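The structures come next, written out as structure tokens.
In the two complexes that follow, chain A is the common piece, with chain B as its partner first and chain C second.
After this line comes the complex of A and B, so read on.
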């Protein structure tokens, strides 16, 4: 019977073409608007490392000045000072740990056909590549001993490698960057985590461009490589590189990969012990609570999903509700002219339930057609939004989940809209209809 | 008039009218809030930076491959500026460490007293050995611009020196010395405690936005100090070109710098309009999204009204025929449908105004949006009355055109 009603529904699409087309179009526009805003929200708040995000941890101690501080005030900054970063690196806590900061410098290519240009990169430790599951195309990351010795080694992005060396494998060559010569140990493959959790603060942001190169943190420090990002200093520091390292200026990001999510308790104990120890040395005078964020908490803390995306999504849903009300009206109109037909069917023995099923399936067919059209519209509008800026291009990709959501949303919206008109159709009294004919 | 019979007719079949009223209510609630948000964003992105004729100004970043020591850097900076001033079409050049709306910059906490525990305000600190006031055409409302005698040459790698003069914006003055009528001559502290640096205010600007150009007074809290800094890896110039020549001047300026370094340099230019477009990109994107949804909203609502009105016209063919046969003019039929529609829309508008306030309340509490001004609701209400009449006119005209003879014959 379902099949038969479904066929009837498809046929009835043609019965009242103008009305039906309007209905399908309105449903499609409503669904498209909400799906495209929802897709952006969904991708923005996505978890790029679903298998391990629970145990990827950013630790935070408050090293702000005690002057003018009242307990409960906001934390000084979301980054770490060099002293804390190095202590964290040496802590042996968790399975892996890394400290990183943004760097930028001029690349002097060997090829004469490319001029000097600026590249933006990152200075992490080797664990970075494992924690963030960076895929390699050639070679590999540098070794732990190279981290320790602050060796001048470098990992290139695929894009930078192809720009400089074409399709050749450049591992083993040396590249001239920021007036130093670095030995290439690896080239990473296309790597676009969304959001770029490792570099939300400073630099190109959560949805920005990829890092073009990676050099060891220790090597960057040894060469006194200036940071490319944000730095927060609460008081004037003495001039010179060493005094920056000794200062309480915050400019480095630290990540830990714990063995399991349940190890967070132990990690917290260690963090508290660490800050108590530092307090004995005369630091961290605020004695503010030490906190740790796992990856999703970190995204939430930094408000990666902006207010604007939420406003858009809310208003788009309001719009969908409006389209729903509109569809109710139109379905009511469509079904109301079918009263004689219902009268005949009822007189021939169809129960109310039969009529209810038939008309609800007919509504669902409208929803299905609206869903297909809505999907096309959503894809079109996402492409349009993506074209408006490079940053948005990354977040305007529809995945299978959103594809499914589109259809479920469209069909359930149509069925919801069809409930009232269908119920009204069931109220048709056969006697009255037959008499008036 | 015939309001009473229309009303009782409406009460007999309520579903349709209620659906139309609900649509109007929803649209009005969403539309007035959407337009409000669009206008707020528009106002934010139209704020002046304090720079006059922005379209003629740009910034040029110079990053030499190799940097010499303090003396050499000083010499090179002066050579760079001289080369830039030599470019035809350049009106004014100023070395600076940051430009408004560029998003990355240097901020400092300011205080009126060294002993102050908490800073009065966080302000952007522009540093220039030249005159940003002249290059950007900033308006001085009190005091004077820097003179060459104010300028200090500071090697950031070794020196802790700090210039003795500063220019502040009015916003900084109001926050640091609330209630004071004049700020020139007062001593301003950068930071608090024993590490704080001090400088005497020599001039007050009407306005100069910060690199972040934040919304509210923080976006206009800036200071300028007179110094030439060395020890960085780059230098930055604010340049004003003759009107209409900016594109050529930017190319020539880059070439001039390249000549100074014999090609061993990386340069980048950005017009202030590009910085502005980037700064407000998100606001424009949201505004477009909201305008699109609003237009769709109006179309959907109008089509809903047309659809329902057409249905009623079809349903009432016979009654219309009878009324016409009994002497009603076309005008009367037309008026009937339009009055009916105005009654329904009015109910919808009433609900919509309440809905708009409720939605605004939600947005205010959840997303820190500004309160909805009454104008939007008034304009929205008028818009929907007009839309309702416009939408119902077609079906009503068709109803009026029904010939009494044909409509009554089939009965």
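After this line comes the complex of A and C, so read on.
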């Protein structure tokens, strides 16, 4: 019977075409508004490493000053000091670990047709490329020994490589950057994880531009490369690079890749032991709880999905509810003129349940058509939003999941709107309708 | 085929009670052609609606083809209506945006017949009423008499045991009415029981038995037609 009712639903679209078009349009606009905001929310809160995000860990110890601190207060910062970062790197905890901070400096191209320009990059350890599954176009990351020896090596982004060398493979060449000469070991391919979890703090942000180059953390430290990002210092420190390294200023992010999510317990024990050991050395005086975030917890903690985005989504849903109320009214009008037909069908053997099913499927057909139109409107609005800024363009891509959500939402909304009119249709007294015709 | 005993139907509002049927008694045998007459408001339509399971009754007993219908739920009543009854209305009551084929198809869909059987029954029913060549047409393209023939085809397609007709010729001119009546007589001759409400004394005369209703009760004017008397003899 589903096929029969579906066919009747399609035919009923032709009946009162103006009313049907209005219903479809109202539903489509409501669905498009909801799906557009939901798509942005979905992409923003997506997991770029679903296979391993549970074991990608950011550790956090609170090295803030004891003065003015009350147990339970917020942590000092979400980054680590150089001392903690180096200790974390030397801990041998997890399968892989990296410390990283943003850097920027002038590039002096060999080509005479390109002038000196500033590029933004990152100073991580080699494990960074494995932890974050960075794809390479040419060459590879630098080696562990180059990390250890603080060698001047560099990995370029594809964009920077093409800017400097065109389509040529530049691996093995040297590039002059920040007054130093770096040996190119690799060029990464286009790499746009969304959100860019490793760059949420400071720099171009979770949805910003990609880094143009990568140099070893140890090399950057050796060259006293100033950080390009956010730094939090809660007490006075002497000027100079060494003083920064010895201070409790926080400016470095650290990531661990654990062997499994279940290893978090052992990792916590180690973190607590490390914290206790540092307190013995006169640090971490707050004795605050040591915490670790996995990737999704980290996104939640840093509120990557802003309040504005959530409010927009709620407002869009509110609008959808308004559209639903309108659709209920229109469906009531559409179904009320069908009372004689309902009377005939009841007389010919349709039970109330069958009338209910028929009219609910008719509502669903309206929802299906509304879904198609809603999808087109949503794609158009996402394109428009994406064109307004490069950052928004990254989060305005509809995937298969959201495509499915569009239809489920539209059909569910239509069925929901159809419940009252359908129930009213079932209450038609056949005897009265048959006599009154 | 149909038996009602001491049946009553009361319509209640918060102000008044209206007794549409009271102490109503009737028995219709398999194969009979019974007409029901009576003045307006006498309870003819209430009787027909109750007989057709379109309305519930207040008290009494109603046995339809051996099934006591009292207390049956909506699903059971609908199934019984679909399997045992056919309806013909004064206003034809065809669904305007369905073709003749699809109109006749409606009761068969609810019966759950497969496509091949439905097609066979629809073709047979429309052939019987002389409209097989127009099965793709829509009701608005037909005359009143033709529309009523389609309604008859729809009622017959499911092979009902009892055909309930409410003033089936009321909206037709004399010639068309005669044609429809002849068709009903032919159907009855093939074994289908017919219960027809009419205002037309001439039509009432043509049936085997006429039941006259006054004030919600079968009056003493129940009369067997000469045809039935002859048959019984």
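By definition in this document, the second predicted complex is superposed on the first by the 437 of 437 C-alpha atoms of A that agree within 3 Å, B and C clash if a C-alpha of one lies under 4 Å from a C-alpha of the other, contacts with A are read in each partner's own complex, and residues count from 1 in each chain.
In the analysis below, a residue touches a chain if its C-beta (ideal position, glycine included) is under 8 Å from a C-beta of that chain, and two chains touch if they have at least 3 such contacts.
From a predicted model like this one, the values you see are computed outputs, not experimental measurements.
In the superposition on chain A, contact of A:119 is made with neither chain B nor chain C.
When the two complexes are overlaid on their common chain A, residue A:226 makes contact with chain B while staying clear of chain C. Looking at the shared chain after the overlay, A:236 reaches chain B, while chain C stays out of its contact range. Among chain B and chain C, the chain that touches a larger number of residues in chain A is B. By the touch criterion stated above, A:319 is placed in contact with chain B alone, chain C being left untouched. In the superposition on chain A, contact of A:35 is made with neither chain B nor chain C.
Of the two partner chains placed around the shared chain by superposition, chain B is the only one that A:420 touches, whereas chain C remains out of contact.
In the superposition on chain A, contact of A:200 is made with neither chain B nor chain C.
Of the two partner chains placed around the shared chain by superposition, neither chain B nor chain C is touched by A:244.
Those residues of chain B that touch chain A in the shared complex are 15-16, 19-20, 22-23, 26-27, 29-30, 33-34, 37, 63, 65-66, 104, 109, 117-119, 155-160, 190-193, 195-197, 231-233, 263-266, 268, 281-282, 285-286, 289-290, 293, 296-297, 300-301, 303-304, 307-308, 310-311, 314-315, 359, 363, 366-369.
Put simply, chain A touches chain C in their complex at residues 1, 4, 11, 14-15, 340-341, 343-354, 429-431, 434-435, 437. Those residues of chain C that touch chain A in the complex are listed here as 45, 49, 52, 54-55, 74-75, 77-79, 81-83, 87, 89, 91, 93-95, 97, 106-107, 109-111, 154, 158, 166. The residues of chain A lying in touch with chain B in their complex are 19, 22, 26, 29-30, 33, 37, 65, 67-68, 105-106, 108, 115-118, 179, 226, 230, 234-236, 238-241, 306-308, 310-312, 314-316, 318-319, 321-323, 325-326, 328-330, 332-333, 336-337, 385, 388-389, 392, 420, 424.
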